[in-house]
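Each of the two complexes below includes subunit A, the first together with subunit B, the second together with subunit C.
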Partner chain A sequence: MISYIPEQFKVNFSDKCIKCLACVKQCSFGALSYDEEDNTIYSTDKNCVACHRCVTLCPTKAISITKNPLAYRHNNYWKPETVENIYKQAETGGILLTGSGNDQEWPSYFDRLLFDASQVTNPSIDPIREPMELRTYLGEKPSELKVTRKDGKLVISTKYKPQVKLETPIMFGAMSLGAVSLNLHRGLARASKEAGTLWNTGEGGLHEELYEFGDNTTVQVASGRYGVNHRYLNAGRVVEIKIGQGAKPGIGGHLPGEKINEDISRTRMIPKGTDALSPAPHHDIYSIEDLAQLVYALKEATHYKKLVSVKIAAVHNVAAIASGIARAGADIVTIDGFRGGTGATPTIIRNHIGIPIELAIAAVDDRLRREGIRNTVSLVASGGIRNSADVAKAIALGADAVYIGTAALLSVGCTLCQKCYTGKCAWGITTTNPELVKRLNPEIAYRRLYNLLRGWSIEIKEMIGAMGLNAIESLRGNRLKLRGVGLSDTELEILGVKPAGR
Partner chain B sequence: MAFFPRSTEKQLDGCAVVGIMDTSAKRFNGDDITKAIAVMRDRSNGLGGGFAAYGIYPQHADLYAFHMIYLNTDKRYDVEEYLKKKFYIASSEKIPTRKTKQIVDSPILWRYFLAVENKPAGITEEDYIVETVMEINDKLEGVFVASSGKNMGVFKGVGYPEDLSVFYKLEEYEAYIWTSHGRFPTNTGGWWGGAHPFNILDWSVVHNGEISSYGINQRYLEAYGYKCTLMTDTEVVAYTMDLLMRKHQMPLEAACAVIAAPLWEQIDRMDEKEKDLYTKLRQTYASLLLNGPFSFIITNKDQMIGITDRIRLRPVIGARKGNRTFISTEEAAVRELEPDLDEIWIPRGGEPIVAQLKSARRRAI
Partner chain C sequence: MAIKVSNSNKTINSKGLHFSELNQKIRSAVKSGADKLKLVNVNGQRYIGTGIRKEMHFDVYGTAGADLGAFMDGPNITVHGNAQDAVGNTMNSGLITVDGHAGDVVGIAMRGGCVYIKGEVGYRAGIHMKEYEDQKPVLVIGGAAHDFLGEYMAGGVLIVLNYHPKPSPCLANYIGTGMHGGAIYLRGKVEQYQLGKEVSVVKITENDKKMLNKHLKAFAKTFKLDYNGIANASFTKLMPLSHRPYGQLYAY
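Moving on, here comes the complex of A and B:
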């Protein structure tokens, strides 16, 4: 039997088309073809993913992409996507894959929180004319500093753990080589260096060429241990143990063999063309005490000079888990919310597992403070940070810094077509196909990524200045600067935020 | 709800502050400080004022003087029972006041002179006092400890400060440090517990300004056992200084570099040793940076310190004449007392004005 899965999009050409065939050449999803005899460009609409590559590059702006108007009888419960997913699975018996973050209509708490501003009783501060500080240090801080006076000078006797300086509290989150292209890594590394922040290798190792950016790099160790060796661990400033990821809590990274070319193979230290399937758990971590052993194994391997971060997905019991991680010796706890992106994940997992980052950060920050151990770790929030206000809100709720991933990809051309897992990314971002990779110019990528960090940083300065603050640490955990709109008492209590009007 | 401490209803202030200290410990009565604060009457609105005075109880110099405000008269016996369990009460009396037209609806004002008894092992006498104050302020509704130091006291209430001076008969007290505050609260009406100065042990603070970083300062201090219950951001200043200088034994200069931290661009220009010092101070106590417009006068039995925020959003001046040091919001208040000063200056943001008792065992500053 044939199950009809309608095309999602239609590609339309206007009479402005000059048959230059740029679109045909650019389409990596096989949606466009040219028939010489008819001198006509034909579209195979079912292949179109609305990545807008052809639309963007068409010199005469002759192309438009529209939603396929094919109508189902309206049903609020059985939505077209639900119905079609059943057809697809009935055909193949497989699981459905997708890329990017959760795109469903779950509430966003960021969108229910509003900031304060100074009026009369305290002056707002103008970042154009006054100093405005975003510098942030990640790492364990002592709960007390012993300062004494010696020969007229102040002297500190407290031993201090290593710290990592960020000039802006925004870092690039983990996106592994293979899942994304080397050109993207080149752009991320350079932009981080320029902006004084960190990028994250993800679980696929660090390409030989990028070791020179070590001072701005977080190297990741995940359950597959791809690309992990002594030199790699010592290459960056932070070693991050990836336990979980917001887009797919409880399962490991999946990179299909098709994406494993020579470069990826060497960096990941696996044979060319083999699937790189990370196990769901780390098979040496079945408990918190096992995690502590890995934390200290990594600290030994890096001579206690690097920070160790532990990244977990935001799940129901996140506060207790984060407390355990802090006690297991980690310097940074990274929490990835359920909106976090990914290169490949089962749709059902992406859409239904995990909790919002806003609630997770608030709960973790509260818990660590109540236990008196908030100073022993830095808290990094990630998963669904869309703009500078989201960054500032995450910080006000208690985070020290944030990771951005999807926003970074958008800045270099991503259109959120969610086909990262196919390896066909027309923008050269989530692909290892050399023909496609070269579409992403690393020089331009670097500049756009840097611009994004710069723009957001200036906006954060404007926002905290408006609140009468001139340093980011006075916003961090300062929930009095937030008010909730349309939230229940329980949600307000978890967020530690008062309702607007009060 | 536990997550909504009452303190989040914080009050905003515009104010006048003034302090006078005689560094030779010569005591003088409340007339001068009253004259000085009265000059700045237009900076207050009659919703709060107060005075702190050091050296006023030489006859009880070794006892903790608890000044209590009973908004709820029924609670006095409960409090006294509670105090009896924890202390030896050497003396208990009504704080003398006079009836005036200006000060109305005054609560019951009482003072106790206490010697520490029944202190559990493993806790310092000071911590025992702090704990007691926190417990009374937090748990007993309508009862507030206005001050808890030795040989000192806080006299505060709702009204203009010069009127409160008459009400409390301050001309009858002699002190070597006086500070005063006139309040201009901008939201809820004034109440007796919320007036300045704020005090814990021998630390007192009068404050002009608004601490915009209050939310995080308060959460940080909570982890060290300080409960901000008096609904004003000035409280965090008192507790911050107590934490840094008493508990963490920090020299004044370092404590000032925490609350009014140098800018990173200033730190970056320092030599390596200084850079390391100031970087660590900022890293460790980032949550105690007091951000927003403020100038305040902090006093303890040996010192009077004036400081303004690091970008100087509120005024403060320092002046000296003989053994006397003055700190004031406006120069006019000081000129009223001493038209001919030895020295008068405006400090930079974050730079403290310090007066130190000459005879005091040198506290490192």
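Moving on, here comes the complex of A and C:
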């Protein structure tokens, strides 16, 4: 069958090319080849995904990638992507797959929110010289503090539930080994240790080599229970039950057998080459009561020393669900918005299911406060956090901390080509092919990830200093520091913010 | 020389205890060296044996609550009574025998060890059992099992005897839906419409017979059942059609 799908990109070589063939070796998608006889590099443009690996590594900067300037008759409704998707499904009869978060033109509420700053009537604070605190504690906070007098001293007698101390409210979100490479996990683990935060194993288990980073690790338990045993559960600080993911609410995962190599097999504790299927639901959880059963199974198995997080996708009824999760005994509720990333998800699901994290986190924070149980859980926001302002806005809307995933991958070379599901990632990030994994140097990955956290953390200090605050705690749920622009009354009400000018 | 008093045998009265209190007592007893624990008056307390990593014995009298032996690594639990849902949830090794019936999702995600249920079980027994290297879980159900038996099964051995308390035909539908590893053995016949679309009936080999006999003997002995009565029947073996049932689902 002839494919009707045209090339999306064109690879162009300038006369600066010295035929070193670095580009041919680097292209993992089979878009470039070299013909010795006529000493020419040819491009098979239909295979190019615009990952920019060749562009970046070309020593003479001779390569550029351009959009294929193929013209369709203009149609605002039947866009080229829509047309080509139909061709692809007509050719295969399958579900369209994609990687990375929702790329469609849905509105961003982060981009309609602006911060306040101190002018004249209250002083701003210069974080470069004055103390400024980003330290964040995750875990249940007591609703009252009992203070007793002992030998003339005041002593707090209230017993705290376990807490996790973060030096910055930014954590790395769940990305499982298998979906991403071991070298990425190495980088994430080390950067978390240096920065005093947590990374998250995702549902694919914890590699033997990374147990030493346990104090900076969240271990995840998903419906597939891959690599979950007693040692794993007790390895980290937090055990996260993954119920849902922002990019694919309500559906499970299929890690294809060809990605299950020796390392992945050992870590997930399944045979090499078999598919790793994560069912859509946990089959021991059909209700909040069942969720409580798993929460306490994990607490019993970890002797009540670890925090239990429950991660859900942001969906319509998220506030009521989060309330149920809090009442089921979780210490952390993690909400993943519809912009959240993915290694492999049906495109139709990614593009059309879930709601924005900004609305979800505001609704959840509001609901838990009204029910008087906000102190019983920490809230973690994730899904589409692009910069430090998004972090600060999520916190002002009610989050205690955020997860970043896509931003972390970008920091180590990802170009959002959205081909994670192919396992061919030319940057060594979303692949288990040893030749490709080698391209991601864990030492460099660690430095880049750490730098990103450092840069964002300083920026957050600058922003809250400008607002006259000296601790991130004073920003949490502090919606007075936000104003909305171009939002309807209902949206403003859900977000709990005033319109700009009021 | 001081004489060491052995406290390796210990009885805990579970009456009126919340599961967290009971399990705290169990952990303390295990920590102080008990290797044989008798729990009496158990009435639905969850998580008995959960997360215990020690080769030791539990005798449970009463009804064991949900998640019995979850994430467990080593113990041998005998329940003199019934058990609730998720017996052996994600267990790594050890043995659980239930001298009665059990609820839904028995053996969910178990990776090693053995679970024997004398009587009937609910829905989705053996769901997502897996195996890894020398770890190969075995789940034997003496009575009938219900729908979605062995769903998503990725490894291990699941045997359903349809025998106790009385011989019955196989009652489950959607057997082995999504199955991509391991094997299911059913005592008696099963109709094609009862099977999930990812499994097929295959011939029983000599090795299968040896393996079955070993478990049937142990099972009959454990529960004082008539071995000949159990073994004197034909067995149906189900295997997955593919280790990659959903490989053709996507447009790459």
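The rule is simple: the second predicted complex is superposed on the first by the 499 of 502 C-alpha atoms of A that agree within 3 Å, B and C clash if a C-alpha of one lies under 4 Å from a C-alpha of the other, contacts with A are read in each partner's own complex, and residues count from 1 in each chain.
In this section, a contact is a pair of C-beta atoms (placed from the backbone, for glycine too) under 8 Å apart; a residue touches a chain by one contact, two chains touch by 3 or more.
Since the model is a prediction, treat every value here as computed from it, not as a measurement.
With both structures placed on the common chain, the touch criterion links A:Asn200 to neither subunit B nor subunit C. In the superposition on chain A, A:Gln220 makes contact with neither subunit B nor subunit C. Within the superposed three-chain model, A:Ser323 lies out of touch with both subunit B and subunit C [touch as defined at top].
By the touch criterion stated above, A:Lys498 is placed in contact with subunit B alone, subunit C being left untouched.
Look at A:Gln89: by the touch rule set out above, it reaches subunit C but stays clear of subunit B.
When both complexes are overlaid on chain A, the residue A:Tyr137 reaches subunit B alone and has no touch with subunit C. Those residues of subunit C whose C-beta lies close enough to touch subunit A in the complex are 19-20, 23, 27, 46-47, 50-51, 53, 66-67, 70-73, 85-86, 89-90, 92, 105, 108-109, 111, 124, 127-128, 130-132, 135, 151-152, 154-155, 178, 180-181, 243-252.
Considering their complex, residues 118, 120-123, 125, 130-131, 133, 135, 137, 141-142, 144-149, 153-156, 158, 160, 163, 366, 369, 372, 374-375, 467-471, 473-481, 489, 493, 496, 498 of subunit A touch subunit B. Subunit B meets subunit A in the complex at residues 1, 3-4, 8, 10, 12-14, 186, 209-210, 212-216, 219-220, 222-223, 247-251, 253-254, 261, 263-265, 273, 276-277, 280-287, 289, 291-293, 310-311, 313, 364.
Interface of subunit A with subunit C (complex): residues 88-89, 91-97, 223-225, 228-230, 233, 254, 256-257, 265, 269-271, 273-275, 277, 279, 283-284, 293-294, 296-297, 300-303, 346, 421-422.
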